[in-house]
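Chain nomenclature is as follows: A, B and C, assigned in order of appearance, with residue numbering initiated at 1 for each chain independently.
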């Protein structure tokens, strides 16, 4: 299970970096709080952060369910796909929102496998 | 505890469906990223997803605390109320934002009971 | 570990209060769903809630990793810093968005320590 915790920690550090990048973009592009719109490049950084929150809500519980009821090494592997997919997503999105697709798809696939696998594993354990 | 994991998995699958519905609505109503406004029906799907994130942050840790310190079957039951309340909320909101009240109230009640019960249970265990 | 669960419960109750305050502000300042902008004071309450979601995604898993792999009392202490920092943040932000800095900094420091410490602790346990 240590490997699963390490992958969870890597995903948290990656997300922490997105939070810092979004805060820096707020200053650089002059978007004063509480606004979250006003400069197209800031909005990209903001959506990278917000979309990662939207996906982390699936990722961390799905990772845990999959590790516990299906396979810890499998969870760690799917978790690495998520972490790499998110890096690709962030890089593509900041360059051009139209390029966010492949990274988004990778993370959604990893999350779908973790959540569906975790639910099926818990059902099998219960039956 | 398997029942609690199954209910957590159901809530994650439900939220996953809201993510997919929101992504489809972005295409259907022509709202290009990074915008999250621009078409009133897209905004309903977007807020269903965003509000569910806001509630999942309470739900999953509250479910776990309640299951561990109070009662696992009680947590599973309150969790099912959450899952059904969210379905009602999403259906009402997409029809008309004014109809989101009952489903929202159900999920907030379930979350309040899970979080308050879990905190009290942890306090009792510590004393 | 009970102390860690109590601190997690306190953070959840605090966030629950922000959700209620944001809902009340929506009524008081006349911002009809699905809009999340339209009145500057509502937007402060909305961002207090949204930013707390953004930080909770780091806080709860970081708290757990730190408690498990480093120190449970240390995690509880850093968790209390987070809870107090968030109260300061919310109070400052609602008065004036320019005053959100100190509370935000405290919570980000606590989260950084929890996440970095938890990842290092998991790496050490794995080696």
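Here, a residue touches a chain if its C-beta (ideal position, glycine included) is under 8 Å from a C-beta of that chain, and two chains touch if they have at least 3 such contacts.
Since this is a predicted model, take the numbers as computed values, not measurements.
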Worksheet entry | Rotation angle (°) superposing Cα atoms of chain A on chain C, nearest 5 | 120
Fill in: Type of chain B:chain C copy interface by residue overlap (half), same or different
different
Worksheet item: Any idea how many Å lie between the Cα centroids of chain B and chain C?
Response: 19
Response to the item:
chain A residues touching 2+ other chains are 53, 57
Worksheet item: Where on chain A is chain B touching in the complex?
Response: 40, 43-44, 46-47, 53-54, 57-58, 61-62, 65, 68-69, 93, 97, 100, 108, 111-112, 115-116, 118-119, 122-123, 125-126
Discussion item. Show me the residue ranges of chain B that touch chain A in the complex, using the header's touch definition.
Written reply: 2-3, 5-6, 8-10, 12-13, 15-16, 19, 32-36, 49-50, 53, 56-57, 60
